[in-house]
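Below are two complexes that have subunit A in common, paired first with subunit B and then with subunit C.
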Partner chain A sequence: MRKEIVITGLGGQGIVLAGQVMGLAASLSDHLEASFTQSYGPEARGGACSAQLIVSDKQIHYPYVRHADILVCMSQGGYDKYRHTLKDDGILIIDQDMVRSLDSAPGDVFPVPATRMAEELGRKMMANIVMLGFVTSVTGAVSLEGMLSSVASSVPKGTEKTNIAAFNKGYDLGQAMLKARTKKAAARL
Partner chain B sequence: MESAVLSGEHFFNGDVACAEGALAAGCRFFAGYPITPATEIAEHMSKRLPGVGGHFIQMEDEISAMAAIIGASCAGVKSMTATSGPGFSLMMENIGLGIAMETPCVLVNVQRAGPSTGLPTLGAQGDMMQARWGSHGHYEIIALAPSSPQEIFYQTITAFNLSETYRVPVLVMADEIVGHLSERVIIPDASKIKLQSRPRPKGRKDRFKPFHPGPNGVAPMAHAGEGYMVHFTGLTHDERGYPVMTAEAQAEMMERITGKIRRNLDKIIQVEKYRLEDADIAIVSYGISSRSSQAAVDEAREQGIKAGLLRLLTVWPFPEDMIRELARRVKCLITVELNLGQIHLEVQRCSEGKAPALLIGHAGGSAITPEEILEKIKKQASGS
Partner chain C sequence: MNNDLKIVLFLCNWSPHAAYQRLQDTLAPLPVEIRMIRIPCSGRITKALLFKAFETGADGVVLLGCEAGACRYGIGTKVAQTNIEDTRGILNLLGLGEERLGFASFNPEQHREMLDYLTAFRNRIAELGKTPVEVASRAREVTLSPRSAAAISRAHNIYVCQDCGKCSSACPLALTGKEFSPRAIANAAASGNLDSPAIKEDIWSCLTCGLCYDRCPSAVSFPDFIKDMRCETSANGKFNAHEGFFHSLMRAMTSPKLPVQHWLGLPSDIQTDQNSKVLFFGGCAPYFDTFFKNHLGISTNTILIDALRLMNFFDIRPAILQNERCCGHDLLWSGDRDNFVKLAKLNVEMISALGIEELVTACPECYRAFSRDYPENGIETGFKVKHIFELAEAEIGKGAVGFSKLNRKITYQDPCRLGRTQSGCELPRSLLKRLNVSGFSEMRDHGPSSLCCGNCAWTGCDSHSKAMQVGRLKQARETGADLLVTACPKCQIHLKCAMEDPFLENEIGMEMMDLTSLLARNIEWE
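And then the complex of A and B:
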């Protein structure tokens, strides 16, 4: 088992934290090998940034993503920069309000209104946590239990409850979307 | 008091793992000036040191940071600083002072691409020769090269142990990729971590000679304020520490500060040999580049090519004899490093023409991929 994951967006969106949370869950809860790297520019806010995570049951030598199994885009720029790394059978997850133009209509794309959902929960900055819930739900790359404890231990003290609520919102949306897809596929048969 | 050794499993980046390694090694003083990509080390030390009875000072620059850790060490406290390229350049003068004063301390360089301010957020291994010769004059130094958060944790402990044993500044030559890479770090029980401390003087305080070497060539170290007669200077000095401006005193002092390292190479140098026993093609690499090399060696073996890896955990002093021996029995040596050929020059020198010494390297800003290395291995294998 080896999964290469890229999460990309803008500085300030919590992209790096999202990668850290997933890596922590994979490494310490799921007991897998996990290598997490980040790239960012000199700006503190607004610059392009990305988190790269490799999860494997074997030792990881080269820690960077070459062919992503999962690409999560929370900005148009991030999508434009990383879409070429996604495998043909990879999973693309976008914040539908942040990524407006997709090149073609690829097979497995999940549009998620993560930022809008976070705004409805009262904190726009939790969009990354909503997204993590969704990613956990539709990809299964990391365990739900692992992610719940990882989110709780990674967010500022006193905000655990609201962040877990945000995570669950994303997770539930993912489950609903998967169910709808299965239904649709069954109807086609 | 908080625990200095965070025994257990963690998901740390290399910078934090380095700081935790320092704390586990007994470091209780950090002076530094923030610089990407080493800032997280200072940040973490600033949070942790007060809780374990230590001190953290943010200095006005890197020159003073290096001076402060030398001072702290002379007062008897294990001390460290951490920096990157431009800061490393500024520390050079006082590294020389640390060498001349034979002061144990640890300096971490999380390398980024240079020269000058270069690429602050991107990795390189371009300071390897600066680590060896950056301060003026002739000297011996110890430099280690970690390839993962787990390894930088252990190497930082090793760095403290070596600096204490040999009374010399020890360099941990990490890079941005290792510094900012998060992986599982297992911290053992405090009882499992072996720590060394500097040799200490015995006998009459008024007859003490601060630079009179002990049996392994290293002089016992008295701390400031203990009542021993001590004199420290960067000038050439005799065993009493007093300046003596002669060629003879220079030769004697130089013999002591280089000899204590040169005579203990077998105790200092650590390497890891990977699939090297029957190898035709030997990769020599260190730090982050050694990880790509290991992946390439595995892939080459799968394709039936006998490749192996000599991974340098200690880069300085350089494992000259090992390269000589290797060059006599392999068809070619390939050095893989994130610069345009620095350790490569050493491999070339030590191979003494017995085997061709090639280089895979670039100017920094990204890691070398396993594919690039594999391609060169295949080319060499088919050519021979």
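And then the complex of A and C:
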């Protein structure tokens, strides 16, 4: 099993943290190999940034993502810049209120209202955690238990509960969306 | 010969009685188990009277009337036929079986045929055996004393009443012009004036809707006070509506041996799983539909089916309790605590035996009874109680679910037991807002100020109830809505009854649908 994952967005959205949380879960809980690189512009907030993560059950020899299996876009800039790296059968996940996806992707596209859901939960900042829940749910790249403990240990002290709630919200949406797709596919047959 | 059998014969005074007399005069071998009651006309024996015989231990009941064309009063036989049909429906739901209720018509000269009929009926009952109904205790001692009344008043904060009158000025019953005042009742109770009509009569008029509690600055818990007073002042509860039919039904259901089977006939696409830890508790809707079939033509059983369908949509296959009883809400709220407790224990015992961890119901009264009234009366349920709306809101909240476009304008009638208990008025509204309808508008009185549908616990129904219902339906029509959404089968029954008025049909007539049905029929995966 080898997954190349790219998470992109704006500085301040917690993109790097999201990548780190996932990498931690993969290496510490799931006992996989993980490599994590990040890139961000000079601005503290608002610039484009990305986190590149590779998880694998074998050794990883090269840490940069060449053909992403999973691309998560939380900003238009990130989408424009990284869309081409996604494999033909890759999974594209976008924040539906932040990204206008022009092409219909060949693989699966999952529009997620992550920022809106985080706002409804009271903190826009948690959009990344909502997104992580969703990614965990639909891709299965890392385990749920690993992600839960990783989220709890990575977020600021005192916010564990709300972050876990945000994570679960995203996870539930992912499960519901998968269910909706299988149900619809079954209905079409 | 089994002398233990009890067969009640309601015998019409006219044709059949002549034949019966002939049998008596000729010392014909009438079955000894038959106890004859002479009545003016078979049409006068209502469903309540027919059923009361079963409630009080009859193994069989026969109604004998005149031939359809020979009824002295014209329509007696026809009315009797309808009553028999409905009561047989109820007997089938209860698992007693319609065969225990006989109905035939005879001309005066048909005494031989009558003897044959009665003998055959007696033999059939002997084959069926004794009734599984155990006679429920109905003659409890009245325990209201100055001391117990004071204890009830204390428990529900009657003594902190400031005499401000906000309750009476908000009471929907008082506003219809009825001489009824919660304040006066509170005053009488606080001053220990137990013989006043405020205590003796008015506590039976209260709707226990809880609007007064909502308005009371001192938080006098008036509905609970009324409930306890009713239980203390009556021997076996008081019931005026539908002649106590539903109270008889509930008391009959306290018999543990009764093989209730109202879940028979579920549509084949409904999936249930008897090993599930989640139970769907239906309630009395099948009985309502049967009882009101020839009058209101309501269909509340569809709420239960739609609730199951909604659960199936979310891949939840709940267990159902084959032997399900009434939750007992109406017995408790009409003053019969003993039989309520019996029913409650029976339900909890059967549900616990299934290993249930969570009970889901679509009926506000079942919800209130299980979540509040059972524990308050010392019956610990040991499982979680959830309304179908809580389940739906949680599942829909997960996302990826939408609703198909429905070209209706809707308004919503809050059931008192839902709007004024734990879940509040917000839960159904958040569901209503998810629907894809052409418009949702509130009635003039809505949410916490919502008005009762005019009746509770089948305790009483009069012109003031009707006035309330008409007023409420006018409010619903004022909103411009063409679909009145409710969440309680009783709201539908009571409001539909008011709509039957031929003079007001055009002013207050309106289609109604339960929110559960509305959700289940329009939900879809996105």
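Here is the rule we use: the second predicted complex is superposed on the first by the 184 of 189 C-alpha atoms of A that agree within 3 Å, B and C clash if a C-alpha of one lies under 4 Å from a C-alpha of the other, contacts with A are read in each partner's own complex, and residues count from 1 in each chain.
What we mean here is this: a residue touches a chain if its C-beta (ideal position, glycine included) is under 8 Å from a C-beta of that chain, and two chains touch if they have at least 3 such contacts.
Remember, predicted model here, so these are calculated numbers, not experimental data.
After superposition onto subunit A, partners subunit B and subunit C are found to sit side by side with no clash. When the two complexes are superposed, the chain touching more residues of subunit A, out of subunit B and subunit C, is B. Legend: residue contacts after superposition of the two complexes on their common chain; A:2 is shown touching neither subunit B nor subunit C. Of the two partner chains, subunit B is the only one touched by A:27; subunit C is not. In the superposition on chain A, A:87 makes contact with neither subunit B nor subunit C. In the superposition on chain A, A:177 makes contact with subunit C only, not with subunit B. Of note, the Cα-centre angle with subunit A at its vertex and subunit B and subunit C at its ends comes out at 150 degrees, rounded to the nearest 10. By the touch criterion defined above, A:161 lies against neither subunit B nor subunit C after alignment on the C-alpha atoms of chain A.
The overlay of the two complexes leaves subunit B and subunit C separated by a minimum Cα distance of 32 Å. Across the two superposed structures, the residue set of subunit A contacted by subunit B and also by subunit C is empty. Residues 172-173, 175-177, 179-181, 183-184 of subunit A are the ones that touch subunit C when the two sit in their complex. Listed in rising order, the residues of subunit A touching subunit B in the complex are 20, 23-24, 27-28, 33-42, 60-64, 66.
Across the complex, subunit A is touched by residues 315, 395, 397-401, 525-526 of subunit C.
Across the complex, subunit B meets subunit A through its residues 9-11, 13, 120-121, 177, 180-184, 291-292, 294-295, 298, 367, 369-370.
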